[in-house]
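In this document, chain identifiers A, B, C, D, E and F correspond to the written order of the chains, with residue numbering beginning at 1 in each.
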């Protein structure tokens, strides 16, 4: 009985990327734990940049400073 | 001290239905656990259909295929 | 697609009470929203009294002072 | 590795207030637990008044009755 | 800024399986969203079988009846 | 109506530190948002080191390598 909540900053995640995340996480759980996928629910929640704080600062402020979350 | 979070797909839940869920859950907790209702908070969160995955697929895709969550 | 999280202070909730909460919430959702119960998951999480704060105080401290959460 | 979720009713919280909450919580955790702030994430989630139930009633109904959450 | 919560019934998940879930989810998010993995936190929470309800019944009861969550 | 969930790795947080976190967060919310503290609940959840993943690795593994979360 797995339930997964995925919280992300709202920065242009597409419908296709969401589908990739949902199917990828569900398949991973099926592979690692042998769970029936009909018992796995994945919920994605996008968070506005003013509402996510990192190291004490709003992500909206970090982005204005040019600081991204991109992999280098 | 109960706190309840209820996550639902966003599919036309009305204000009256939300009130029924809130009062029903609060009353249930009062009846079963004898809790003062002034200590019970219930939060409803509606989730877009693209953001809920079931069995590895977005609910929006399931709905397009005519698959519902209705009780038969 | 409902998912419910119920957080409670750990104060002697029995297995039977948990079952009453689970079936009561699931039935309520089925009645109000006409959802297939096979899509409803309910998770109960008991929280230690040192770990729940109310009005700025640990519930363990409130209980030591004789303050309960019981319905009057 | 702290993660903090702060759920509030949506009642006009400003960007500046959010920043005060984010920096205040992050600093508190750093002070009390000596945690590197780069490992602390704070997420604020505003909840519509119809979606928050207190003592079995929607907060929107409580507000219509003139009942506020203000400190006296 | 991704945060992931993975809730599972407590049924013998090993440390190695947890590591596979953590690295698998983190890699998936990096691949799909190009996120710096140093900003991704994954939290696993195991839930006792009495505390998870499915279709209105405790999972502990379902397991006693021989009903598993295994993939067929 | 604020509800706060604070997730921390389980690494020797004392009862007194928990009380400082609970009163500090509650006071902050009262100061910034003018909320009645009797409507603020704070829940602390400690997570085992095997169950928290950072940058794709279990925190238990990071700690074995001598990597801490301490502020420098």
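Just so we're on the same page, a contact is a pair of C-beta atoms (placed from the backbone, for glycine too) under 8 Å apart; a residue touches a chain by one contact, two chains touch by 3 or more.
Being a predicted model, the structure only gives us computed values, none of them experimental.
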Under the touch definition above, the chains in contact with both chain B and chain F are C, D
Note the shortest touch-path length, in steps, from chain C to chain E.
1
At the largest C-alpha centroid distance from chain C we find chain A
Please pick, from B-F, B-D or D-E, the pair whose interface repeats that of C-E, with more than half of the contact pairs identical by residue number.
B-D
Most remote chain relative to chain F, going by C-alpha centroids?
B
Count the touching C-beta pairs: is A-B or D-E ahead?
A-B
Which whole number of Å gives the spacing of the CA centres of chain A and chain C?
27
Cα centre of chain D to Cα centre of chain F, whole Å, reads 15
Distance between chain centroids, defined by C-alpha means - chain C, chain F (Å):
21
Mind pulling the residue numbers of chain F that touch at least two other chains?
1, 3, 7, 21, 25, 37, 41, 43, 47, 52, 54
Which pairs of chains touch one another in this structure?
A-B, A-C, A-D, A-E, B-C, B-D, B-F, C-E, C-F, D-E, D-F, E-F
Please name which positions on chain C make contact with chain E in the complex.
15, 18-19, 21-23, 25-27, 37-38, 40-46
Chain D contacts chain B in the complex at 7, 47, 50-58, 60-61
Residue set of chain A touching chain E in the complex reads 1-9, 13, 17, 20-21, 24-25, 28-30, 32-37, 39, 47, 52, 54, 59, 69-72
Hey, which residues of chain F end up touching chain B in the complex?
1, 3, 41, 43
